[in-house]
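Some structures are shown below for you to check.
Both complexes shown next keep chain A, but they swap its partner, so chain B is in the first and chain C is in the second.
Up next, the complex of A and B:
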């Protein structure tokens, strides 16, 4: 019994140390990554997040300066604390980095890269292109242009 | 005098006549009523089953939507955005649905807005009703505050597309509000929900927030797109919370209705049997006393 208690103590101390050797607790980057269809991360501490934004793709590390950005279609890469990377395709949305180093990535729709189908993307791209060419007014044209952009990005993500 | 009294007498006779053959009629009436109550119970029971199934789905969806909604509000809290004092114009959004028979979910939301509209300064408040129910409640007294109404909410689980449409309607409504609130029912447990609100701000309010300066590389375009998207996300979250509260509340309401119908059925069956017994007894007495008179 006593031995087990010692073991547990050691384990606890080790855990504490691993926290300390990482980043200080208050500066952990808590990532919330959610989309309309699914939640990928809910306040999970991660190492790095790379996001594609309208003003260019950028990576977020802990203690990033607070900022707001609007997502453009593309692949969000999340590097978890254990080094595992997951790539998730997003259609549009927002990124918020707050002063407490928490990060919110909110997407309209998001899917893991492995769920994307190249053939279907190709199909939707050609459909969107034909819609773009036959669009009657400005609004329809803009909508079709967005569809083309998304389809192109999906294609790029699925093949790359 | 006599002429006037005569119809009265006639009436009394008529009543007496009615009472005479009433026993048979009540038996019939009771059995009709019993049947209708039984049918109602069947309906409320199946409505309960349906809303129980819908509730499970709504709750599952809500679990996914919660981090989404919280994430959308975080920025406003962190940046300490406050309503501008020089702009009294406010926008209230009532998140209800088209369907009733679900307890007080819709009344609760409407009441919050109604109380606000009774306070001074109400002339600067405009309301957008999401769902027919809030419109029905607010329209008669506060019709001039309502700028638009969305319906076809609540038949199907809400999607992000619905939220986008509502957000689009708000952004194109030409109403320049300084601040506002989304009033919705926050789901707490199967038996409990609470009226709650999410903040809305104008772009000007965000730009003058005290802590906005700490945020890097912002321009008006980014803020505008960011706010439009966050409006849609908050609406989406509020829709999900509302849908879940509504289904859980409907489940409870229908459960209670079924129980009440059960009680009514018990009472009616008792009365029905008593009356039937009374009729039989009376008929027997009539036969026996008839036979006795012949002897």
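Up next, the complex of A and C:
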């Protein structure tokens, strides 16, 4: 049986690749992360990026399949090449993963977690909740519901 | 489909609200500067026969 294992190993090493894997790809993942208020990374090579998207949170490593997604409010975690981790709260925006492994995270507003104020987050959550309860029409209710969702997410991030 | 889409809102509306909420949850010393980004101003100038017809700020009736 050990012989068969060796055979399989050799087969795997000799495997001929085609199609997508033929495209030359670097092992580096260059991250560009910018928001309306600040540029956090400009084509910086990083290890991993975790993003919250409307279709669920996902992690991006080099050679990730090309992807487009819209962001939901939450924490983007960037693991830099030296192992340093930085957590940045994004309001919303887009994330693009390209064929050459480059990643763009573009947010409308983004701030490091240490810039969040727990008290202010709690206050704006209460305000959003009362606006939700007194909303006169469907549109106002939907807007208030978004505000509540965002405020809860900010509070969670600020408390964690 | 999410509730806000059902109510006729789009992702731009969603994003604006989310950004606004985030700016309100910043530490006080950062908040003042951030709140300036809440409003954006657009000036629209219609042109007629090669010259600006009249000037008015967007949103003015």
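Please note the rule applied: the second predicted complex is superposed on the first by the 135 of 160 C-alpha atoms of A that agree within 3 Å, B and C clash if a C-alpha of one lies under 4 Å from a C-alpha of the other, contacts with A are read in each partner's own complex, and residues count from 1 in each chain.
The rule is short, and it goes like this: a contact is a pair of C-beta atoms (placed from the backbone, for glycine too) under 8 Å apart; a residue touches a chain by one contact, two chains touch by 3 or more.
Nothing here was measured: the structure is a model prediction, and the numbers come from that model.
Annotation: superposed three-chain arrangement on chain A; chain B versus chain C shows a clash. Touch criterion met: A:117 reaches chain C, while chain B stays clear of it. With both structures placed on the common chain, the touch criterion links A:93 to chain B and to chain C.
In the superposed model, A:42 lies in contact with chain B only, and not with chain C.
Using the contact criterion defined above for the overlaid structures, shared-chain residue A:55 touches chain B, although it does not reach chain C. Of the two partner chains, chain B is the only one touched by A:106; chain C is not. Of the two partner chains, chain B and chain C are each touched by A:70.
By the document's definition of touching, neither partner reaches A:30: not chain B, not chain C.
Of the two partner chains placed around the shared chain by superposition, chain C is the only one that A:147 touches, whereas chain B remains out of contact.
Residues 36-37, 54, 70, 92-93, 108-109 of chain A lie at the contact with chain B in one complex and at the contact with chain C in the other.
The part of chain A that touches chain C in the complex is made up of residues 36-37, 54, 70, 73, 89, 91-93, 108-111, 115-117, 120-121, 124, 128, 138-139, 141-143, 145-147, 150-151, 154-155, 158. Interface residues of chain A, counted against chain B in their complex, comprise 32, 34-39, 42-43, 54-55, 65-70, 92-94, 96, 98-100, 102, 104, 106, 108-109. Looking at the complex, you find that chain C touches chain A at residues 2-4, 6-9, 11, 13-28, 30-31, 34, 37. Listing the residues of chain B that touch chain A in their complex gives 63-65, 67-68, 70-72, 74-75, 78, 159-160, 211, 214-218, 222-223, 225-226, 229-230, 233, 236.
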